[in-house]
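Below are structures written as structure tokens.
The same chain A turns up in both complexes below, where it pairs with chain B and then with chain C.
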Partner chain A sequence: MNKFQHTFIFALYVSCFNFCFATSQVDPLDSPSWESMHSKILNNEPVIFDDRVQISMPDFAEDPMNVPVSVQVNNLENIEEIVIFADLNPIQKVLSFQPFHIKPYLSFRIKVEQSTPVRAAVRTSDGSWHVGGSWLEAAGGGCTAPSQGRAAGNWHETLMNVSSRSWIKNELGRVRFRIMHPMDTGLADGIPEFYLEYFDVVDAGGSVLAKITTYQPISENPVFTLDINKEILKPINLLGVDNNGNRLNAQIEN
Partner chain B sequence: MNKRNRACETGLIKSLAIAASLALIPASQASAGVSDKDILNDAKTTGDVVSYGMGTQGQRYSTLTKINDKNVSKLVPAFSFSFGGEKQRGQEAQPLVANGKIFVTASYSRVYAMDSKTGEEIWQYDHRLPEGILPCCDVVNRGGALYENLFIFGTLDAKLVALDQDTGKVVWKEKIDDFKAGYSSTAAPMIVKGKVITGVSGGEFGIIGRVEARDAKTGKLVWVRPTVEGHMGMLNGKDNGISGKTNATWPGDLWKTGGAATWAGGTYDPQVDLIFYGTGNPAPWNAHLRPGDNLYSTSTVAIDPDTGKIKWHYQFTPNDGWDYDGVNETVSFNSGGKKLAGHADRNGFFYVLDRTNGKLVNAFPFVNQIDWAKGVDLKTGRPIETGVRAGDPAKSADGKKGSQIFVAPSFLGGKNWMPMAYSQITGLFYVPSNEWGMDLWNEPVTYKKGAAYLGAGFTIKPLNDDYIGALRAFDPITGKKVWEVKNKAPLWGGVMATAGNLVFTGTPEGYLKAFDAKTGKELWKFQTGSGVVGCPITWEEDGEQFIAVPSGWGGAVPLWGGDVAKSVKYLNQGGSLWVFKLAK
Partner chain C sequence: MKIPNLNKPIYLLLQIFLMICLVQQVLAVEKLDYQLEPEQIAEDTYVFIGAKEDFSYENGGNIVNTGFIVTEQGVVVIDSGPSKRYGQQMREAISKVTNKPIIKILITHHHPDHFLGNQAFQDVPIYALAETIKLIKRDGDGFLDNLYRMSGPWMSGTDFSVVEIKALVLKQEKIANHTLKYFKFGGHTSADLVILDESTGVLFTGDLVFHNRTLTTPHADPENWLKSLDKIKAIDFNIIVPGHGEVANNIGPIEQTRDYLVWLESTIKQAVEHGLDMTEVLALPIPERFGSFGVLKREYIRSVSHRYPVYEKLIFN
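And now, the complex of A and B:
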């Protein structure tokens, strides 16, 4: 785990106003692709490596087609967008999460092709990116394999069907839902890319609580977990579209 | 608290105002859009090709003369573009050109946009197809339609998809019908007065043919006109009258699975303001099950583009018993002050109609052997049948197979889908024809959703040892054959005529060829590396004239061709677009 030592070696300052957190301006994960990620995904905008941005996931990807990842941001105000990316994946961008009226917490599952840093970059209204993340070890092969729905041949019968569950946790309504979609990366031979492009999480009054833009590395039949205030007008709707123009329009009743 | 919710396509979700306002992708404004006027003027403007048929009348004639009979021998490739992947099947498309881009569709419902001068790809769209699609005759696509910033095309799983011309992103998408019941879409859509006009494929599965008009900007359905008698039409969500009169030309319930698929697209003539759409065979093939003319199968129907009503129809093969689809294009032309239309049918006859009313003006054979009819009665407009019809299986000894016949043309037709061309200078039609016949017999059959609904068996046989295909030039007024060029393999690609005294077409042997429009003399050929079954186009850009054609062997011949398939088995598959210009 010597990659993590960089976090502490290059920590420039430690701030303890309300909470203690560490920041740095040098990539604590020492990724060979960091410079390219900085320009390609974060537009070379100012970056602070910030441990208020936390990614939770297993150390090793038992199933490279389905790696559970959670992103949590603590004590960071004025969040505009959270971008998840994996430096060494053939398709690096995983998703973008814009939490307009919900907590900056999201969990989902991803495909990885090999061991890679997995990062969350949080853009705040001052225009800077707060980046957190860690290395995920993997045996490989997640992005270039066909989806199981393709093999079974029945994906079109369940496309965009949604199943969901909700419960109360920490005074918040936590909701988990699964959207049926093959999420083909286009990297498996003879199978064109076919993936959910985005969806809005909308309350019963029509206000958009969050927008989630999804890319090919999200696992087949994506599962998302969000925290939603108990006061939100129910039911919640998911409205979105995939890259073939198939629409997602589902209601989560709870 | 587990709950399962269905997607909106199944209609189980409560409708939400916010759902209605969900636009897929905002339309981009980067290109000058293709207008209705651009489409109506397409045959006259040389800088673009914005409609299937190189003009909505379908003449496939260009006024360009930079490439002509004197210099065509100096034609060389400008570039070749590969469709890639492992999906190399029949490439039957006609490309389109607008605003510096070429748009071309390929097998398996794929679309490519490239720079029209360099062939550099701008975007591609690979439609995700389900595993259970039921195309009868190869996984082809014949092209798209341009309207404003959209490229609109039909898919093998019976969807209509509108893509942004600049990005290839889906702007709208509509389901035409259920692919599991045998519906698919392979023809190029057509734009008429802001509406996108489409038909349906699936005539071998007992579907119901129909022509539909949608708002081209949104995909919203405007009217539906079924092409089988007895079925109700629709205009703006309301009933719009039954097509024909129920049971007038169909017995019992058979009209409910009557076929007449509108699978090859249509043409539009603004001078008479009518859409001309061809219809396929009545289902099933066994004609003994459905005594009567079986309207509007094997016909051209003339439809009012505003109301979706049938103004007139002309039926080529009443009570068809040979699978002589009437889908081939009906091409408008004027001669001697008359508004006429030409149509080379699968049944072997070339028809000249008065396109204002559908009355027969002339009919003559364009192939050498026609066994099913002696001719067409110019007074009644009906064929003079010879009685060569396959027997009724119900009357056979075991009830399983009716008496067998040999008949020409074969069901693949004297001419199939591949569009002919009409030259305004020579006044000739250039018809890609084939000489073949078939053994045919009838079998009992009942309709089952998604299963082939034929009730017939067949095998195709060439009529000559040395050739099947023949490109022929006909004078439509006299019926005289002016010239012909024979081809060993069956011709399966579209034809184009130009004011440079040239006629272009491709061959399964891989050549794109240019002929003298007056004499048929071969002036130029180029080997594209795979069979050419696509449609050539031409346009002018920065002072140079370009010619483009897709290459990639496939289509119905290798799948259905019987003895013929043996003679074409050494033709290899491909998938590319070739573009040519004069060497400097």
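And now, the complex of A and C:
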């Protein structure tokens, strides 16, 4: 092998290495808005596309007002925050979830305006974001339509009412609850934005199990599913507020 | 292993044949030709059997069964298909079977693959149940948007609002040598017309019956649907024409539709009662006996989206 060949092979190694290194930074969903999401939502902080962060949802939206989404994080320690966003939605940020004393699992439903990636980004204590997600195909119209409560005009009768059910399953307590709220995006003609801003999930001893920050794309009368350690002190309370200052203060009895 | 000699004339002919098939298919899509071939299923009775697929650019929405009965007085058409172009090509195909005039169109229900061909028959009285006419007015625009999106160029020129549909009030009518019985059932939508030709024993069920194609539920009332299936089963027929899937001469398609519908409803209801979230229900296994149905996974996802919220409301109230 002559010197030229050595140099060539070395160059090949270098380019291979560069390529491998680069792919971990390339958006696997090939979204046109990834760069902008990275700076706007993830503050240009280091990103790892990571299979341990999983979004479950159908691959198409039968009802763009109510697309079911679950986020689940497996085998990832020191989770500080989980942010859900949809790159191509008019309002991209959907939800932020801080699981303090709770499994990193959450289900909810979202409104989408067109086909878009839906992603979960998990910030760990080392300051990096672990990102997972997939594409959702949608015909659209979910964000610019008025809520049913607005259309019917009766939303104020049930505002912030909470219904809930709980189960014991596989050593875990599961709780599902619905909070009555129009969740108006502000994008429908003549209807200002009106949405639940956040709520804390608090156990009977006063310790905050999780904080959930919600944005306009969360579906009307949001329903959440959480898995809670069954030793948690009951009853659980939900304490929060919407962008008009209406308070959420509900106890999950069962 | 013995390797076949691909230079043998027989393989060459096979290759040429396959090439021709492929070219024909490509050309059909380019020419927007549905290639409608009427299939005779009984005396005077013909059907056009659609693909067991979802709407697509490739099939142009030809996923539905339509049919016609050639009476001595003229032709009665059952459902007009998914687009103006389909209606026109259907009319042309009918004219190759008979030179009798088309005298009546019957629309089984308000879903777009069954009535959007109406424009091709504007010179003929078109009938549907009164409730179906209301539902077309309510949902027609949305359907049209959706089909232009899904079937693309095949839809050009299709519009439903320009066609008048008359309310069908008769329970039975004699058209020359054929006696047609009309049943107002429901469950797939809130008004589903079932037509029995008593003279031949052919039963057109509309979408109350699917055969080897997964049923759809965007406007379904399963309880009412199951009642309608009982009533359909009690009808004395020889041949059954489902809204989607193959024609049969037994109650198989009725039982199959019931089997899937019962499974679907009980699965979703139980899952909600056991605390499963919607995405977990989407991931549940579908029994093997439904495995060969067309569009299985996609229709299951659609049905969960329609039916899960109904049962969820019950647990929260």
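The working rule: the second predicted complex is superposed on the first by the 231 of 254 C-alpha atoms of A that agree within 3 Å, B and C clash if a C-alpha of one lies under 4 Å from a C-alpha of the other, contacts with A are read in each partner's own complex, and residues count from 1 in each chain.
Rule of thumb we're sticking to: a residue touches a chain if its C-beta (ideal position, glycine included) is under 8 Å from a C-beta of that chain, and two chains touch if they have at least 3 such contacts.
Since we're looking at a predicted model, the values are computed, not measured.
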Fit or clash between chain C and chain B when superposed on chain A: fit
Name the contact category of A:Trp34: first (chain B only), second (chain C only), both, or neither. neither
Which partner chains sit in contact with A:Phe49 here, chain B, chain C, both or neither? Use first/second/both/neither. neither
A:Asp184 in the overlay: touching chain B, chain C, both, or neither? Say first, second, both or neither. first
Contacts of A:Tyr215 with chain B and chain C, given as first, second, both or neither: neither
Can A:Arg165 be said to touch chain B (first), chain C (second), both, or neither? both
In the superposition, chain B vs chain C on chain A residues touched: B
After superposition on the shared chain, which partner residues are touched by A:Arg174: those of chain B (first), chain C (second), both, or neither? second
With the two complexes superposed on chain A, say which partner A:Ile252 touches: chain B (first), chain C (second), both, or neither. first
Is A:Trp155 touching the first partner chain B, the second partner chain C, both, or neither of them? first
State the minimum pairwise Cα distance, in Å, between chain B and chain C in the overlaid complexes. 5
Based on the A-chain superposition described above, do chain B and chain C contact any of the same residues on chain A, and if so which? 163-167
Taking the complex as given, what residues does chain A use to touch chain C? 56-58, 60, 62-63, 66, 68-70, 107, 109, 139, 163-167, 169, 174, 176, 178, 223, 225
Spell out the residues on chain C that touch chain A in their complex, using ranges where they run on. 145-146, 149, 274-275, 277-280, 282-283, 298, 301-302, 305-306, 309, 312, 315-317
Flag every residue of chain B that touches chain A in the complex, lowest number first. 1-9, 13-14, 16-19, 22, 24, 85-87, 110, 126-128, 130-132, 157, 161, 169-173
Mind listing the chain A positions that touch chain B in their complex? 153, 155-156, 159-167, 182, 184, 186, 189-190, 192-194, 202, 206, 237, 239, 241, 243-254
